[in-house]
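Quick one: structure below, then a few questions.
Order as written gives the chain letters A, B, C and D; numbering starts at 1 within each chain.
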Amino acid sequence: MWLRASCELQFEITVPTPLILMLRPRSGAQQWIAREEYAFSPRLHVEEFSDLYGNLCQRLVAPVGAFSIRTQVEVLTADYVDRCPGAEFIEIQNLPQGVLNFLLPSRYCESEQFNHMALEITAGQKLGYDQVACIENWLRNNILYQPGSGDLPVSAVGVNARQVGVCRDLAHLGIALCRALSIPARLVVGYLEGLEPMDMHAWFEAYVGGRWYTFDATPTASPGAYIAIGYGRDAADVAVCNQFGPPASPLKQVVKVEQFFPKDA
Amino acid sequence: MWLRASCELQFEITVPTPLILMLRPRSGAQQWIAREEYAFSPRLHVEEFSDLYGNLCQRLVAPVGAFSIRTQVEVLTADYVDRCPGAEFIEIQNLPQGVLNFLLPSRYCESEQFNHMALEITAGQKLGYDQVACIENWLRNNILYQPGSGDLPVSAVGVNARQVGVCRDLAHLGIALCRALSIPARLVVGYLEGLEPMDMHAWFEAYVGGRWYTFDATPTASPGAYIAIGYGRDAADVAVCNQFGPPASPLKQVVKVEQFFPKDA
Amino acid sequence: MWLRASCELQFEITVPTPLILMLRPRSGAQQWIAREEYAFSPRLHVEEFSDLYGNLCQRLVAPVGAFSIRTQVEVLTADYVDRCPGAEFIEIQNLPQGVLNFLLPSRYCESEQFNHMALEITAGQKLGYDQVACIENWLRNNILYQPGSGDLPVSAVGVNARQVGVCRDLAHLGIALCRALSIPARLVVGYLEGLEPMDMHAWFEAYVGGRWYTFDATPTASPGAYIAIGYGRDAADVAVCNQFGPPASPLKQVVKVEQFFPKDA
Amino acid sequence: MWLRASCELQFEITVPTPLILMLRPRSGAQQWIAREEYAFSPRLHVEEFSDLYGNLCQRLVAPVGAFSIRTQVEVLTADYVDRCPGAEFIEIQNLPQGVLNFLLPSRYCESEQFNHMALEITAGQKLGYDQVACIENWLRNNILYQPGSGDLPVSAVGVNARQVGVCRDLAHLGIALCRALSIPARLVVGYLEGLEPMDMHAWFEAYVGGRWYTFDATPTASPGAYIAIGYGRDAADVAVCNQFGPPASPLKQVVKVEQFFPKDA
């Protein structure tokens, strides 16, 4: 399906502020970036680079005063996120090297704390995809989803204690539970059509059956309509906007996502 | 300056043909990709990846029949390509590791054959930028520039023998001469406004004074107005379109580049 | 100085157990690997790969029964770890891309929690090296060093609460404090001659003045005599031995480090 | 089998000479580096880094006077190089990204010139491994093997014209023929037990059936006994010793390889 998504960030900057943005999605497994715009006001020098995970990042110093960022993409995405019940668990020794990294505990996914709980939740499941689907289902039934983006991220241990969380929190707990089962898992940040209220979204992917599959424990999870912007171990790696120095505020963030039909279709 | 550039490729495919394209420029030192479109007709599955040099490449299998590719970019480029007479030669032991690769001979730049000639051309020059500028100048005066894109690339040895070449050929000879002086040099393929007749363009960069500088020995060289699409050791690494299997023909390639003034400027 | 270091790990394996080891140091800024041995008993198939940080890792499946690993290196290290009081803070916008990653919070270094504390500790210091030296000193005076390697790592927040920790814990808190000041910092695991009791050691590096510098808040810190084995964001990234599946025990770990004088010296 | 191999290089240096060496083999698919030594005389500062292909390289500036390099390895290698007649050709669209690079023409492998010849040689063969085996066989029967290491490398076109070549030349022609068939191929430099006269050896690998396989068209080809040191597109990428500046001579190179039986075996 065709999706048009945009993100606008507005700052009132009081001291020159270094920012690292991650707002340029790349074409990937289930999405093709057909059109894209990316603008800053005022214009300024921006450096673009690929991070450890292949995300395109933009580094700049926001000047004092009103500063805004606007991106828009038109993306052809898969109508349905791939699902594959029964896809097999891949033994550590057979995982591709680039995936091993996603087995390690990370800032918001203290996976080493969840061994017992992960086994309990997935008891009786076939190893692999079905375990992850079972975790996704458990999250949906046991952690109260709270729309919005929260303030500072809460780690998986915290989410599990509170039993409530925003999309990112649910994903973090899901990731920690997967890794506790030796299933590589990573956070994805991006757009999701139909989200209410509309905002950036976060979900997770697990590596089973030889590839990454999408999982999303939020009630707004859709059969398709996802646009991935960034991948990483958790929210520490995948911030749409990383600020350094004194916090820049007020910050306004407007996200829009809509389906559309190209004229030539 | 603001440039709008487009490239359209049309094929008549007779058997399913794997293609690897390099048609998505990245933001870089002197360019910001503000807007971009990329479309295939008919639509098909495309995989995007970064090659060894960080270029974004697209891999697909062109289906039988009429097949076309269309890309368009709007880019804010530096008004003037940076120049820096006097910038110093960097000793091998002080070069960044990522640059060492561009000292080696490559398919179309047999640099190991040009030691004597490179020293002769640059005799009396300060080591570094001035040597490269001298090589650029020598090329302009000694190799007859022939517009167009030629057929198969000719290597530096061949260009030197013929004393005539297209933009890519001049760049290859320039690169070989630089490497012969232990100056890292690489080929750049992209757009240049004002080229006559309009086509894809190729030029080269040399690493002196701690960074890459642009050089272009063609008479159409402009003080600015360049959009880089791909970087590599030579044309073998940087093909806008790499075909595999039986040649797909006829091929029509339409390139346009124009300056424009954004409404909000 | 010349150091000979060895590490022997003995396991009693009850079910085939995937291991990822990090026991092959690489030559680097202040060390040259002159001689190395690496053996498994029984012999088995081992795959070696480089992780995200360039560490050489070994992946294998330990077979049931007695299983041991033995490595030994002879390394020429700098007599004195480089120090550079006054080395400058590098602004975010000027940091090399490969270093940005070490600004982010990580599993055991919740740097986003330490902004206030880091500023307080380093009040009045010149930005850069002197801030890090001040943090190192503060750790030495305020966190009780406890020899040994502890069980599960404790995160910086935990270490700060307990006011006591093993070498790795001190390093984690030091890293979190540096990152809170926008100074890239990373964990190093390796050997240190003279450690009492002898064991693997952990310390940290901070990126100031355009390069990485060594810091070590433990009382056993030596003017030199370090051999680095692995680098990463924190102990989650740099485990000498990562086990998957049911814990393999008992585990015996014997580490030796001694200075020696090569015959031809 | 267990192999002990050593390489000694002796120079008489007249001006300080930057060198880039590739003399530290890594553990890989069919070899485990169990023991290694690496020394310079006189001792000096050496920087080690990984190149584009993952080879460990050493960069240094050789000082004026007698200068020598000595490396020795003890390696457990596979008794037999893997062979797999019938292994299938992998379509371009299904090749791993990291392998695509080895389809391109390179300095000494002008693969774009060999389409017709490659098809002719392999006529009637099953696509994939059998084509490569057929090329290997053709080389053995049609290009006269000349022991020794030659002077400057000759490119595939040159080797084909002369119908005679050293090991590296045969490999270059084999690689060019493979790539002309859209089979990824790369040069390997390393040790081979039993070579007469003993020297460094070069052979090639082709990617079929989902992995790299070893091929060697020289009459000295052995069923096993290979130790790979470096991989690359061709000899331009894989030089055991790359010198910059005026040639350092005389150069003495002593290579030894022998089978041995470890005491504990």
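Here is the rule we use: a contact is a pair of C-beta atoms (placed from the backbone, for glycine too) under 8 Å apart; a residue touches a chain by one contact, two chains touch by 3 or more.
Since we're looking at a predicted model, the values are computed, not measured.
Novice: Enter the minimum step count from chain A to chain D; a value of 1 means the two chains touch.
Specialist: 2
Novice: Determine which of the two chain pairs, A-B or A-C, is joined by the larger number of C-beta pairs in contact.
Specialist: Result: the pair with more contacts is A-C.
Novice: Based on the averaged CA atom positions, which chain is farthest from chain C?
Specialist: Relative to chain C, the chain whose C-alpha centre sits farthest away is B.
Novice: Please compute the C-alpha centroid of chain B, do the same for chain C, then give the distance between them in whole Å.
Specialist: Distance between chain centres, rounded to whole Å: 43 Å.
Novice: Take the average of all CA coordinates in chain A, do the same for chain C, and state the distance between these two points in whole angstrom.
Specialist: From the centre of chain A to the centre of chain C is 30 Å.
Novice: Averaged over CA atoms, how far is the centre of chain A from the centre of chain B? Could you give it in whole Å?
Specialist: The mean C-alpha positions of chain A and chain B differ by 35 Å.
Novice: Got the chain D residues that touch at least 2 other chains?
Specialist: Within chain D, the residues that touch at least two other chains are 47.
Novice: Can you work out from the touch definition every pair of chains that touches here?
Specialist: A-B, A-C, B-D, C-D
Novice: Can you name the residues of chain C that touch chain A in the complex?
Specialist: Touching chain A: residues 18, 20, 47, 49, 51-52, 57, 59-61, 91-93, 97, 100-101, 103-107, 110, 112, 152, 182, 236-237, 242, 244-245 of chain C.
Novice: Which bits of chain B are touching chain A when the two form their complex?
Specialist: Chain B reaches chain A through residues 26-29, 32-39, 41, 43, 46-48, 50, 54, 56, 58, 76, 264.
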